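The next block holds one structure in the form of structure tokens; read it before the comments.
We just call them A, B and C in the order they show up, numbering each chain from 1.
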Amino acid sequence: MDDYAIGVLTNIALFSFVALSAYLLLIAGEMSFGQQAFFGVGAYAGGILTALYGWPLPLAAFAAMALGAIAQLLVALPTLRLRGLYFAMATLAAAEMARILFELLHWRREIDGELAGPDGTQGFRGIRWIFEHGIEPLHYLGIVGALLALVLALFLMVERSKLGATLRGIGQDPELAAAVGIDVQRVKLGVAGAAGALAALGGVLYAHHNTYIEPRNFDIMLGVHSLAYALIGGLGTAFGPLLGVLLDIGVLESTRFFQGYRMIVFGGLVAVVLIYRPRGFLDERTVQWLRQRFT
Amino acid sequence: MLVDFIQNTLDGLSAGAAYALLALGFTLIFGVLRRANLSYGPAIMFGCYAATWTHVNFGAGLLLLALITVSGAVLAGAYVERLCFAPHRGGSAIAAMVASFALWMQFEELATLVMPRHLYAFPMLVEGDSLALGPFTLRVDALVMLGAALAACALMGWTLYRTRFGLAVRALIEQPAAAALAGINVPWVFVRVFALASAIGGVAGYLVVATHGQITPMLGMWATMKGLLAMMLGGLGSLPGAVIGGLALGLLEAHSQWYLGPQLRDLIAYLLLFVLLAARVPWMTTRSAS
Amino acid sequence: MAKTALYLILLALPLLAHAQTPEAELRCKASGEDFVFDCTITLRRGGQPLAGAEVSMSADMPSMPMAHSVRPAKAQPGTKPGEYKARLDLEMLGEWAVKLRLDGPVRDLLVLHYEFDSKGAKPSMGGHKMEHKKH
């Protein structure tokens, strides 16, 4: 497999994490424009831990996920009772605040006579853990892919369980859910923590894949894209967001024909598909139909 | 110190005038359709780029450029309305908003394809020096901006309170169900509201670009963010609130920037919005947002 | 004993890696075709030109990485040691984060920010924003 293909596949996997993060919140009924902030938290935290303090990547990844969960909870707690556009705007405000904080973040340490670490708008170079430990691009793709597969497996388990039904119930009709005794606020907080951890995991993996991150990587474009991936791919299954990412990056990237027109084509595709399938290709009805056909 | 404060206030009001116009457009669409149009800024940018293209290739007078900007914005707005909002009326708000974001991506790519340089000069509205009024500097273009904003608000007020169309719009904002039952042709009102909102946005965009003297592809995102921020600060869905929100945002930014610098300026604006939303301040959260 | 030695060596590797981080410089000229640039890469390591590396060059835009497809181009060794030449086929002008993937004696990934205009490329810093005019 050539380097380009490995790079594209790795990026597909990395963006799937943040798309799944947006998807999780969507099925619980909340539209977040801000998941890119937690992707960023994971990236910066993971990068700082491995590049400046010599932590091994797996440990740094766990820490990054924990920080991502905490960060998302910090946003979710004050905004629990907000709905619809109000919640979306609050997440947008929080995400932009995070991005500005990244711009103000200077955390420099001297490593072997050179200053390393995040330097505000100049970014954070030298996240070299992968290279220092001789991990080939193909191996890294394997690691990222395996983690994504694990996450998908978890999602599929949850979807079939009572928790999954609860989540979708809250998403469709929170008043009804509360009426039957579900603690809506607590479930939403749990979802928020999970979504934050998920986005952060994608972030730490992204930072090490790229060796360089900067605040502009985590702007609103990323956030709204992940929302779009989740919605066009379909809200019926965790494979939906994956499909959305594949559609955008995979198909349109690899077809030279679309070079330069990719966003025009993808944007048009999203708008048109949503007219006929407002909940995406793999929406709940389609998934139901597929399950019935194949079981 | 006092001089600085007043100078900043004046500057803030003039920036706020543009924000007020942007917020008015957003609020019109939100108030009537109950959805946020994420392509609002990009549609305005389309109009501004159309004018820039005309200017670069043919050279054109200020008035013609203004007309092209507004018509371009209205045209782009109509495209957005047909593709993103008309099909989802009564359906999923999320689908409409995500579709509007998808079109935003289209507008941005189109702008960079047709006009690939990052920065283009735009003819300035008013060449020449500022007026000096005692210790204060009044930029003439800032005054023009304020004047235009006032004129636009007056026009809006007249439209809303003295025409049948305006009556229908206000009815839809206040009592959507009753308005539909009373026989108002709702889809047709939506189309015209979109056109009006896009036109106001076009005016705002033209004023901003003509006073800055330059245009970049960031204009779309910038206009959307400022418009959304101002609309939310002033109270979602309230037209007078939009104007107040816009002016307040301008003032807040001017003062924050002076004392704290540009990054903290933006941070404070977003922090304020977040805190107001979290506190569920009544004027901000009265209107249902599907 | 062997395990300790191995452990020590593994610990020392990161130190070695940091001490010999390669540096790169880019000089690009517009080639005449739309948004295609002919670039010369100069690689140094520890102050000395770095020859014999396999260099592949691609680029991303800082905002929304992976939003544009720039196929990695393998660089050919240039006239002087430490110099490599490659073509960069971008989708548009503006600020790009150029990525140099190094293989061979040194494995690394370097990211450099350059502003591409109709003539060539200049190193760039920081982000672009719509700013207020100060009085």
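As a working rule, contacts are C-beta pairs under 8 Å (C-beta built on N, C-alpha and C of every residue); 3 or more make two chains touch, one makes a residue touch a chain.
Being a predicted model, the structure only gives us computed values, none of them experimental.
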Comparing A-B against A-C, which pair counts more contacting C-beta pairs? A-B
Central chain (by mean CA position): A
Approximate Å spacing (C-alpha centroids) for the pair subunit B, subunit C: 40
Using the average of all C-alpha atoms in each chain as its centre, how far is it in Å between subunit A and subunit C? 27
Between subunit A and subunit B, what is the gap in Å from one C-alpha centre to the other? 30
Among all residues of subunit B, those touching at least two other chains are 113
Considering subunit A alone, which of its residues make contact with at least two other chains? 103, 260, 262-263
Touching two or more other chains in subunit C are residues 92
Flag every residue of subunit C that touches subunit B in the complex, lowest number first. 35, 92-95, 117-118, 128-133, 135
Touching subunit C in the complex, subunit B uses residues 7, 11, 15, 112-113, 116-118, 137, 139, 211-212, 216, 218-219, 222, 253-254, 257, 262
Across the complex, what residues on subunit B touch subunit A? 30, 35-36, 38, 83-84, 87-88, 91-95, 97-99, 101-106, 108-110, 113, 221, 225, 228, 232, 236, 263-264, 266-267, 270-271, 273-274, 277-278, 280, 284-285, 288-290
Subunit A contacts subunit C in the complex at 3-4, 7, 11, 15, 54, 103, 111-114, 116, 121-122, 125-126, 128, 131-134, 210-212, 214-217, 219, 221-222, 225, 249, 253-254, 259-260, 262-263
Going by the contact rule set out above, which residues of subunit A touch subunit B in the complex? 26, 31, 78-79, 81-86, 88-90, 92-94, 96-97, 100-101, 103-104, 220, 224, 227-228, 231-232, 260-264, 266-272, 274-275, 278-279
